[in-house]
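There are two complexes below, and they share chain A, which is joined by chain B in the first and by chain C in the second.
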Partner chain A sequence: MTITGSDATADAPEEDVAIRLRDTSVYFGMDRGRSMVLNGVDADIRRGEVLGVIGESGSGKSMFASALLDAVPEPGVTTGEVTYYPEEGEPVPVTDLSKAELRSLRWEEISMVFQGAMSSFNPVVTIRTHFVETLSAHDYDVDRGLARATDLLADLYLDPERMLESYPHELSGGMKQRVLIALSLVLDPEVLVMDEPTAALDLLMQRSIISLLEEIKEKHDLTIVFITHDLPLVADLADRLAVLYAFEFAEIGPAEEVLETPAHPYTRALLNATPNLSAPLEEMRPIEGESPDPVNIPKGCSYHPRCPLADEECQQIDPGPYDAGADHDVHCHHWEQSIEDLDVAFEETVDVGTRPSAAGRASGEPVVSLSDVEVTFGSANDGWFDFGDDETVTAVDGVSFDIYENDVLVLVGESGCGKTTLGKTAVGLQKPTGGTVEYRGRDVWEGASGSSLSDDEARRALQIVHQDPGSSLNSHQRVRTILEQPLKRWHPDLDGNDRRERILGMLEYVGITPPGDYVDRYPHQLSGGEKQRVALIRSMLINPDLILADEAVSALDVSLRVGMMDMMIDLQDSFNTSFLAVSHDLSNARYLAEKTGGRIGVMYLGELVEIGPAEQIIHDPQHPYTQALRWATPELGSETEETESPIRSIDIPDPKNPPSGCRYHTRCPEAREVCVEREPELVDVGEGASQPTACLRAQDDPDYRMSESITDDV
Partner chain B sequence: MTDDHTETRKRDDTNRMDELVPDDPRDRVAGETVRSDGGTVDSPFETTSSVEETRGDRLDRFLEGYARTPWSIMRQDWRALVGLSILGVYLLVATLGVYLVEPSHPADGPQLLGAFQNWEYPLGTTSSGRDVLADAVHSTPSILIMMASGALFTIGVGTAFGVVAGYKGGMVDTVLSTVTDVFINIPGLPLVIVLATLLSDWINNPVALGVLLAIAAWAGLARAIRSQVLTIRNESFIESARAIDLSTRWILTKEILPQLMPYIVVNMVNAARTIIFAAVALYFLGVLPYSDANWGVMLNTAYEAGALYRPEAYHWLLVPMVAISGIAVGLILLAQSLDRVFNPRARARHQGGEEEEPMEPETDDTTDVMQV
Partner chain C sequence: MDWKLRRFGQAAFTVWAVMTLAFFLTRMMPGNPVDAFVAQVGPQLDNPQEAYEMAEIYMNINPEAPMHVAYWNYMTSMAVGDMGQSMSQNAPVAQIMAEAIPWTLFVMSWAIFIGFAVGISLGALMAYWEGTKFDTVLTGYATIITSIPFYVLALLLLITFAYRLGWFPTSGRRPEGVTAGFNLPFIFGIIHHAALPVFSMFVASGVASLTMRGNSIRVLGEDYLRVARLRGLPDRTIAVRYIARNAILPMYTGLMIAIGSMFGGAVVLEEIFTYRGMGYYMIQAVRARDYPLMMGAFTIITIAVVIALLVADLTYGKIDPRAGNEGNDAF
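And then the complex of A and B:
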């Protein structure tokens, strides 16, 4: 492989580059061969830029981050050159440094924010101790360092005094992530490497942190390498984008160019596979096939097995970088053809007609009907030897909705808003502490003992598919055993051969072929997408009426999500099943709901604040919270200017002690005094189709009009 | 089998399905809707070829899972081979050895003959003229039985209490955990001494003795297993099983227990070692009544005969010590290697009794590493 960005670097002055990688590889020795997890990568990271590195899971993006600091864990081996060019002084060959030199390079010059802020802190010491330890380990002046830390925390909209005295468990995920960013900047590094820093966070928090990063970068004159699987997220922030596929860069270039005229077929396919809010649904399609195994990377272009343009040349010759415009390099022999022949979905914004909305079908008898459901966890303070605070959390507070035959309802909300609890309540896996759940007019908890339903018919009809394909299948059972159980339980008259036939047929139906080969596999021998399919057909085998899909696609790679959702929609059509989906991602929710003509329900702190047809929720949201979610969903190819954040506070209030009146008033930009006192009811404000919204403003309540604003800036 | 036959079977099957759900309230028209349980004619199942599975196939699969695959895995591990060999020797001694070696009585031979000096008494004799080899051999069966019964009792009761308490929760958990706590807090040694005195009629039965020695040992295991079950029961696949309404028994034995098997097996072997050590110690102390010689009694008599400071009596002390240590080592090696037998990755690789091309042995490691 030849030098990437050769033209650009030749023209640019040498000091422009902060880190240069030349033919950098990382490999792990394994029983079955050498596992190349970074394969001869060349890249220049320029001073003061934000380089967005995009890759699916297993594309080598985390190894890229580790290689920058020569921090590849044992027994991995890094080869090739990684050179760091400080602002003043000699270039530093990172890969040749001694341990002591590395220690001073890391954190002081190049700093890293790892993914999973939750586990990056020591739970038994305060945040201050984390800062002090870092400072003294690098022989920095602790007092000056702490002063800097205080500034940094304030810049990140945190209360420095409170933060420093807190223990990690007292902070929310978003706070921890921000403290971690402050911690990584406390030694004033030149380069900040962030590996999926927001992956575990909610949409609103992700978006807020991205905005903060821009400010921080300006203020501290940073070079940022932002590594993520989420293309739209980094699109606004990054100056240049680098797309990793199969442990190599597929394409690297200015962010706008990569997004608008992507030259590599993979980038184009990835853009098409990414669900978003504005692109027409027909244009979204999954990428066929799976990412290659690091031990057997295909010869020639690593993308050729999945590429529609692949020919002889691609199978034989590793494509060197072709110049696709100034500063834009692409590793594809046919990049010109790729630009011409492969469409990118978001370029067009044709409005699509959707299928008849669920409201139209709502005439029939509901399959599942929830009325005024309430779920509380924990025990109340009974005042008897109980000196602690009242520990109850109301996860779901008075929610009612109906699900009809062949219906799709997607619940959307931030983590901790009670959407999963509500979903589990709807399928009879969580007993509500108040209200009723009815299946075809019968209360499912009637006569139930303990935590299981007594009504067999209801139990069979209400099923669940979980979020994490890794834990939704028992790792000790073969696919055969996993799929036989529901049949044995519900169709005891079938003998082994009938069961086997049914299982094989179902596997084939969802595209797992040859099924005979798969039934004897253990879950670890399946890919993520296959596991999720097996989990889905396990529920499908007993012909349920309603399936709760709990974040069923969140754990999958971007390129597989659309495929999985298409399959769910297909199964829903064939088997006349309803879906209750739970998602934190508005784009996924939109895809699933809009394609089936279903509804989206928005939850906030245990309450349903808005529910209606997908089209209307996405394009005409009434509740300010829905509007905020829509704002927080990163958009590809939208030309709109960065708008101001529609939320006043980026942290969710404590669910143990929810705000009075409208629960959203603490963050709502439109809140007025009446919102603090009066709790809005769900009232239909939709024009045409039904779109009940719990917001006094949307309802044009007279009290709201008379009331004073409580926001500072309005 | 002819095609006709297959057709008929399939049609029967369809009919049966209709009977199964006679009053389907949804009143679906067959032909319009494909039912995922395969009830209607035009389901995707019709497309698959019908593979008949006979009783033989099923037996084959059973053998595959419980015999060939474990053996194939263990064959590759020297610890398993050594451990199994050691235990095999002890079993042979306990079964065949007792017939080959005559029981010995006082004054059978010369006093305190050293080891390997006279082939009539290969391991020498005691000060009372008993054959050390014969004593050691004839105490093996009772020790093994005691060990097995104690270990099985420990893991049986411990696992049952732990799994049920952890999975069921609520009142069941409270009651079972209280019982467990009571047993944890009973001082083991005094209890055994008191019980041994009270039950002196039974104590010569090795099974009863094994259970007696384990009486205070299972509670700790129950606690540990309960806490593991508490985390496992929140896993998604357990919730799915509950949604499908699988029986509690299935969930406990087939969903939860396999996850715990490595832990349980290690504990079983540890329990077996503890039982042996405890029994030997109690015999040595003279707390337990005895009628026949066994390793502990041999140690006791050797000690009382001053074997610690009489070089000519060392063999008397060493033989039971080697016997005890040997079985402990064998058990430890076996436990370590059994760990792999329950690992689905290893099982998948050794399917069919042969080690296949490693499928994806280190996938987990790679992902871990790549997320660093």
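And then the complex of A and C:
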């Protein structure tokens, strides 16, 4: 950044700044050249604020976090100034500290919570040891420190004694994340840097941790830097928001202002690209193009290749911070034009309307029909020389649904609820231990031996697109070979030219151009979005009737998700395919299902608790669990903010030993005694369209009305 | 607890199966040892019929008894440690084994211990200085030493240090003319005799060091190591509690398997050094067609492997909390 702000030169900050960055860069030397992963960033982190830093993957946000502690992993080099201003005493130049000084700065003054809480603990020692060794390494009083740790853990709704005695592997992901937060606060730091602290967690857990953070921050007087790719997630929590694009800040300002009147074209595009529950579908647009390569950042404004407003000035001159209102800096030459024109510009291109609802299509013969499907994992006691107990987990417990021609059904639920297992069962990749899966009226497992279908027709008709495109494409084969295989197998009559034509046509159809150039590439030469599109084409090429899309967009950047989902919808239309999508994210589910007039099915601990048209599930959820998911899905600028958590306990019960009666009764705010005993059936409670729900309350069951509430004594 | 019982059950089953297999092979195989024994011994006796009785004495198998009776007698005598009578050594098999095993144990356990200790230390250093000359040279050395069969190294050592230089005895397991017992010359003599066999097993350190290097580098890249450094833990704690412990853990099973298979590995080694341990007697038995001795040695090797694996399984949970004591508690 060549043009610097007006107040950047002063030595002592006039505001109460905790950390100040000036022209801070991080780079890695690579064979291809110098890889700039943080490019001359200026920022002030104010004492007592929550600064939300938003960036897509590869925007330099983790490097920003590491630079605050001068903890960039080797061989990365940090240049520029990072200054820490303690409440009392001299400013500390973080980048010039000796090893010993750094040791006492980190964790005592500035602490950090990492992305990978799952692997942030030494697997062979107890949690207590982690606390003790941290305390003694910093010469803190161990007993007092442990007392503090106990308080912290209790504040995070954990059982301190149990946690301290546990080994890391004995805790669930959400527990580990909370323990890690407690561990990072045990030395009472001033500043807490959190790098994607909730990325690996389920919606409900994410939301619960965010609420806890607010309490913790008040209680311990913290300054928090919260780094995430998920804009809506920090929207409520943050005082100020900073948007990172291509290793620089695009925009930084008060949270409300950035969300309501974003000045940078990228921020506007990102907001439009973020799937959420309330915004009209037509306003969600993907951002064209991909983020730049750190070795080769575009000259001038790094966003200009993707920006609709870009002109010559943008290509030449790096935009300095312009003042877009009090306390609101934006790095764009045309920010005023951006505020005025950009949303309108987007609206003109709207062309997709919602299609007739699934109810209209439900009349025909179902393509795939599941009835009372059960899947059990683990080994039961098999007698001979097996003295063990039954160790079984019922991943799917008696689920029935039908999928019709050109239908979309999205299964949502927390991890471990059995949604992926159910999906795989529906496409014949997992043999059910009970119930039947029928394809066009034929039982797909009939006559099958082992774990593969004997019915070729069904095998062809039921396909899958995996979550991680990186590992579902053979890395030693070219795109051509990958795409030829299904054609050779299912269309042996095609000759080489026809195959090639077909592959090129498909690639072009999904926007991979020029296709002739791409067919000879290996998967690692493709970007994430391109890989996922190739994987999608691979299943499309054989003309399936049903595709299981297992978290097909979760691994993609936020700005690419809507684009990918649009493509799936488009392909579905052209090829007359049905989708069974699996997602942990209600916003994605809503986008996919609502746009196609499809249904959403909500799963909890192996059971389908509610299923119905997307609009109804989102806007009028009947089951308390769906309502909780709805609550947990972060919203942009929604006024009807519920602050009260609708779940009674944060952690999911052990699936090996599910609760009796209604499985949700241990967390349900409406649970009554009858819920503990009686297992509710799926009964249609929808007004208008069908919306079967497994909840006694929603069904207005007489037993429920008579029963006593159990929510107080838990 | 259930899991431990099951594991014991499996171990016992394996031992039983091996013994049963040994019995049926010995008794029923065409040209089986019992028939061979009778054919071999019979003609030399005045009364060829006595050969059958002798077979029972030597092998615990009476060829004339019905199969189930013969089997029962065989198994019960094995159970009380009676492994029959050696033909070539003219002594009970159990006695020969009892006398030979401590020597094998002595040599092999030192070989394994030194191999692993050196391997782990070198591997840790190689990982610490990953990419430096030290690492490159040692990785090369480890690769070469791993690819040399231990008996080739044994021969080279024998030729160089025993025959050419005369620093070490060429054969035997204990010094001549020294009273056996807890006295200095005797202990020194034993070590003197064991030195070359022990060092020819040094090749094991190659594998260990490469494994340790790989494991350590993997651990060095783990998130928890980065967090530990940020938490300001002392370097020594990080090296010992974080890196070494996590890197050595996966090698534990390998160590146990090495211990279990040491009797088998001793066969060639002891033959080269004429070191009168178990392996040496086994070769003698094969040469002399001394079936009882062979069978006894095989059975003991099997039992050793089974016990070592059992110990590895049962203790793994103690050193790695993730494995848990229930075996299936981990995930």
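Observations on the structure shown:
We take it that the second predicted complex is superposed on the first by the 675 of 714 C-alpha atoms of A that agree within 3 Å, B and C clash if a C-alpha of one lies under 4 Å from a C-alpha of the other, contacts with A are read in each partner's own complex, and residues count from 1 in each chain.
By our rule, contacts are C-beta pairs under 8 Å (C-beta built on N, C-alpha and C of every residue); 3 or more make two chains touch, one makes a residue touch a chain.
All values reported here derive from a predicted model rather than from experimental measurement.
Of the two partner chains placed by superposition, only chain B is touched by A:466; chain C is not.
Once the two structures are overlaid, the count of chain A residues touched is higher for B than for its counterpart among chain B and chain C. Of the two partner chains placed by the overlay, only chain C lies in contact with A:137; chain B stays clear of it. Contacts of A:22 after superposition on the shared chain: neither chain B nor chain C is touched.
When both complexes are overlaid on chain A, the residue A:121 reaches chain C alone and has no touch with chain B.
After overlaying the two complexes on the shared chain, residue contacts for A:47 are found with neither chain B nor chain C. By the touch criterion stated above, A:73 is placed in contact with chain B and with chain C alike.
Overlap of the chain B and chain C interfaces on chain A: residues 71, 73, 114. On the side of chain C, the complex with chain A involves touching residues 2-3, 5-6, 9-10, 13, 222-224, 226-234, 237, 241-242, 245-246, 249, 320-322, 328, 330-331. Remark: chain A residues 69, 71, 73, 103-104, 106-108, 112, 114, 116, 119-126, 133-134, 137-138, 167, 169, 183, 385-389, 391 touch chain C in the complex.
Per the touch definition, chain B reaches chain A in the complex via residues 13, 16-17, 20, 25-26, 28, 33-39, 43-48, 50-53, 58, 170, 235-237, 239-247, 250, 254-255, 258-259, 342, 344-345, 347-348, 351, 357-364, 366-367, 369-372. Residues 28, 30-32, 35, 37, 57-58, 60, 62-63, 66, 71-73, 76, 114-115, 293-294, 405, 427-429, 440, 450-453, 456, 459-460, 462-464, 466-468, 471-477, 481, 485-487, 489-491, 493-494, 496-498, 500-502, 504-506, 508-509, 515-516, 520-525, 535, 537-543, 545, 571, 574-577 of chain A touch chain B in their complex.
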